[in-house]
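The same chain A turns up in both complexes below, where it pairs with chain B and then with chain C.
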Partner chain A sequence: MEEPVIVLETQKINAWFGKEQVLFDVSARIPKNRVTAIMGPSGCGKTTFVRTLNGLHLMTPGARSSGTVLLEGSDTSTMDIVDVRKHIGMVFQRPNPFPTMTVYENVLAGYRLTGQRLSREKADQIVEATLNKVGLWTEVQSKLFKAGTSLSGGQQQRLCIARTIAMEPAVVLFDEPTSALDPKSTAIIEELLSALKSDYSIIFVTHGLQQAARISDYVAFFMLGELVEFGETKRVFVGPQDKRTEDYLSGKYG
Partner chain B sequence: MAAQPSPSDRREAARERAFTAASLVAAVALVATIALFLVQLLITSRTSRAAFGLPFLWHSEWNPVTEKFGALPMIVGTLVTGFGALLISTPFALGIAIFLADYAGRKVAEPIKYLIGLLGGLPSVIFGLWGLFVLVPIVGKFEVWFGKLVGSEALVASGTTGVGLLAAILLLAIMILPFSASLILESLLVVPTELKEGALALGATKWDMIQNVELPYVRKSTVGALVLSLGRALGETMAVTMVIGNGMKMPTTLFDPANTLASAIANQFLEATSPVYIGSLIQLALILFVIAIIINVLARVILRRGIQQ
Partner chain C sequence: MTSRKLKNGVMGFLVAASAVLLIAVLVVIVWHIFILGVKYLNWDFFTKTPTPMGESGGGVFNAIVGTFLITLMAAAIGTPFGMFAGIYVAEHRGQRFAGVVRLCADALQGVPSIVIGIFGYTFLVVRFRSYSALSASVALAFMFVPTTTRVTEEVLNLVPSGLKEAAYALGARRSSVVWNVSIKTAAAGITSGLLTSMARIAGETAPLLFTAFGSRYVEWNMLRPMSALPLQIFVNASSPYPALQQQAWSAAFVLVLLILLLQYGAKHLIARVLRVKA
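So, the complex of A and B:
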């Protein structure tokens, strides 16, 4: 099996909320243009891990972290956090389109928020292309100038994916993006992932084993703040090397 | 399980009825108080309406000797001081609220919030005293300086007092600041974290996020907060009475002594002896009452729309 190209590498990430340590020496190498699932039982540090990647972890009062994140080889601690976030996009657990913006404005929110001006044609072009990529164009074409929050939950989440990829990030973090959605919307988003990975590297937090198995090429199994096992999804599911992974896969805890 | 009500059940039911009746009486009493209050104002002010009618609203002469009364200078005084104070205090209120909501850590924000609450609860006579002994002399010096600057003998001469519209505006601005700042802060604090994080995750700086996500989100509730603050400024009596100078002529500059509806009543009710004079003062109260109702209804409508959004 040939070695995949690595887009993001973490070295000994530790994270704390106040005095409580929630991540312990997490070192992982995330392959480019693949879907990497982050799975594990509740409270294992999955979400904290992805939030350390784009610095959102530090927004929580009392939160700290240490360790190195290399994005395409360069240390993100030497970059401006705003630039890091332009390269590492994020889709959240609950759809969070900006309620004061229209569908159209939501797609372009990243440009507006970072003060980038676009010509009318360029803006139209980005909106149409991006909404097409998330399969939303035909559905919302007639609602472009309605509030982003007027769409259904599943559509809102795809709108949030659209606004994230409109910025052309290298990596997209998905923090349990389907946990608030119905099965049909979940299926649509899962299908979307395989189309998106040709352009982006995807890190997908999920607490569902089946979901991880369905969508991912690689999987990272977290427990109690440690990265227990990392590898190709098929290999991990078929022949876990760590006893804890095996126990988790066989349903001993979850 | 028996359908037969036991004696204790019946006692329960009787207590229930008694309590319902008592709270109903209290509720009715409140409505009745407001209604009677309004009726009383209408009755006692009828001498004024009989003498001057509707033109009372736009006549600008106020002369107890000739018993000619018109409310326009006080209406103007009320609106100028209210809106002037709002204009000056709003940028500061926004700044304080944004700082406390997004920039200050808890260790800094908590004591400041406490101080704001304290300032908001200070009796207005204390503001008035401070205004009279500290603010008014400063305004007086400024007036003299400004009078020399524009070559106005009148301003230089009257600057020795310092009381007037400007002093009242500045004092009111300070007085409504804690109120509007804490109302705006309240609404900023309910902006969902997921929206703020959503903006930051797209590469927004904090200030980008505040401008494009947070402030638009609270736009309506902020306007509501400002209208409520305006209501406070329009009705504030004691402090304004102490610094505005009890001038009954139509003010022509911001340095002129003037009166608001509230301060005119406070300044003159002891001197008012004739029925028409008393009636006219009460008519002023009625006008203020109506303005206050309009402002509060307006704020409510705006706030409700803000929540629905």
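So, the complex of A and C:
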């Protein structure tokens, strides 16, 4: 088995909310063009971990963090946060298209919000190509100039994925993106992941064991703020090396 | 009947009676003004200026113009200050200085309007040696700013934090998030707040007594004394002439109508904001 290329590496990440420490020395190497699932029981620090990667964690009042995040080898703390976030996109738990923008504008929101001007042809091209990538083009072609919030929940979430990948990030963080969706919309998004991973490296926070098993190539198991086990999904599910992972997989706690 | 049921009955009656009383008070006031006000409304009322004391006829065109000019100018002066302060407080929630700003806005809202009037008189009218509509607008702006600040802050706080996070996650800087996401999402609510604040100052009388002073003529120059509907009501209603008193009722009716319209517009916009949220 050849070693995968590493796109993102964390070294001893610690994170706090006020005085409460929620992450402890998390060091992980995220492979390029793979889906890495972050799983673990509620409150284990999954979401906080991904939010430290793009600096959103620090926007919560009272939040602190320490440690290093290397994006394709360069230390993100030496980069402008705007550039970090352009390279590390994020899709949230609840679909959150901008209610004041149309479907079309939502896809281009990243360009608009960062003050990048696009020619009309370039903009049209990005919108069509991106909506195609998330399988939304045929569905919303006639609704491009309607409000983004007029779409169904599942479509809104795919619109948010489109908005994120329109910026051509290297890594896309998904923070439980299907937890607010129905099973059918969930299935569509899960299928989408395997198509997206040829272009992007995906980090996918999930609460569900089955979902992690279905969608991921690698899995990181978190418990009480510690990264307990990291490895290829098959290997971890079949032969967990840590007792805590084994207990979790066999349903001893959830 | 048990004592619990008795208590329940008595409380239920008191609550319902208070609700009815509230409606009754509004109905009596509006109805009274409507009956007396509409009776003396005519074309001259809207197009002519007041006749000399004691003569019948004439109108309050000067006061209508004055109310519009003074209120709009006050809103023009107060809107940027109020909105910016509101944005500041909303964006720095939890920080000490933001708390101080909010406290000051609340305190300023509680300052009696007569005090605002005296303030305007001392610092503007005396300094520039002339009563003027502009000094009235500045005085009213002091009342306009705190309400606008609070409304702006409250509406911005209604913007879901998920939207702001989404914008930050796309690489937006704070200024871009504030202008392109927060303000745009809250635009209808902020406008609604501006209308409510305007409705509030349009009916103020005390600050005008010391600043705008009043004028018998149609005045467009903001640097000169000017009339306004509340002033005209005050002057006419306290005059001994029935014709002028009647005119005061009509002016009161027009003023109430104007304020209710502003408030209705504000409410309509708020309803739109809430729909966007849902």
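Simple rule for what comes next: the second predicted complex is superposed on the first by the 254 of 254 C-alpha atoms of A that agree within 3 Å, B and C clash if a C-alpha of one lies under 4 Å from a C-alpha of the other, contacts with A are read in each partner's own complex, and residues count from 1 in each chain.
Just so it is clear, contacts are C-beta pairs under 8 Å (C-beta built on N, C-alpha and C of every residue); 3 or more make two chains touch, one makes a residue touch a chain.
From a predicted model like this one, the values you see are computed outputs, not experimental measurements.
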Task: Label the relationship between chain B and chain C on chain A in the superposed model as either fit or clash.
output: clash
Message: In the overlaid three-chain picture, which partner chain does A:C160 touch, first (chain B) or second (chain C), both, or neither?
response: both
Message: In the overlaid three-chain picture, which partner chain does A:P99 touch, first (chain B) or second (chain C), both, or neither?
response: both
Query: Counting only touches as set out at the top, which of chain B and chain C does A:T114 meet: first, second, both, neither?
result: both
- request: Mind sorting out which residues of chain A both chain B and chain C touch, each in its own complex?
  value: 54, 56, 59, 61, 82-83, 85-86, 89-90, 92, 94, 96, 98-100, 109-110, 112-115, 160, 163-164, 167
Field: Partner chain A, residues of chain B touching it in the complex
entry: 105-106, 192, 194-195, 197-205, 208-209, 212-213, 216-217, 219, 309
Message: Looking at the complex, which residues from chain A come into contact with chain C?
response: 54, 56, 59, 61, 82-83, 85-86, 89-90, 92, 94, 96, 98-100, 109-110, 112-115, 149, 160, 163-164, 167
Statement: Touching chain A in the complex, chain C uses residues 93-94, 160, 162-163, 165-173, 176-177, 180-181, 184-185, 187, 276
- prompt: What does chain A use to touch chain B in their complex?
  reply: 54, 56, 59, 61, 82-83, 85-86, 89-90, 92, 94, 96, 98-101, 109-110, 112-115, 160, 163-164, 167
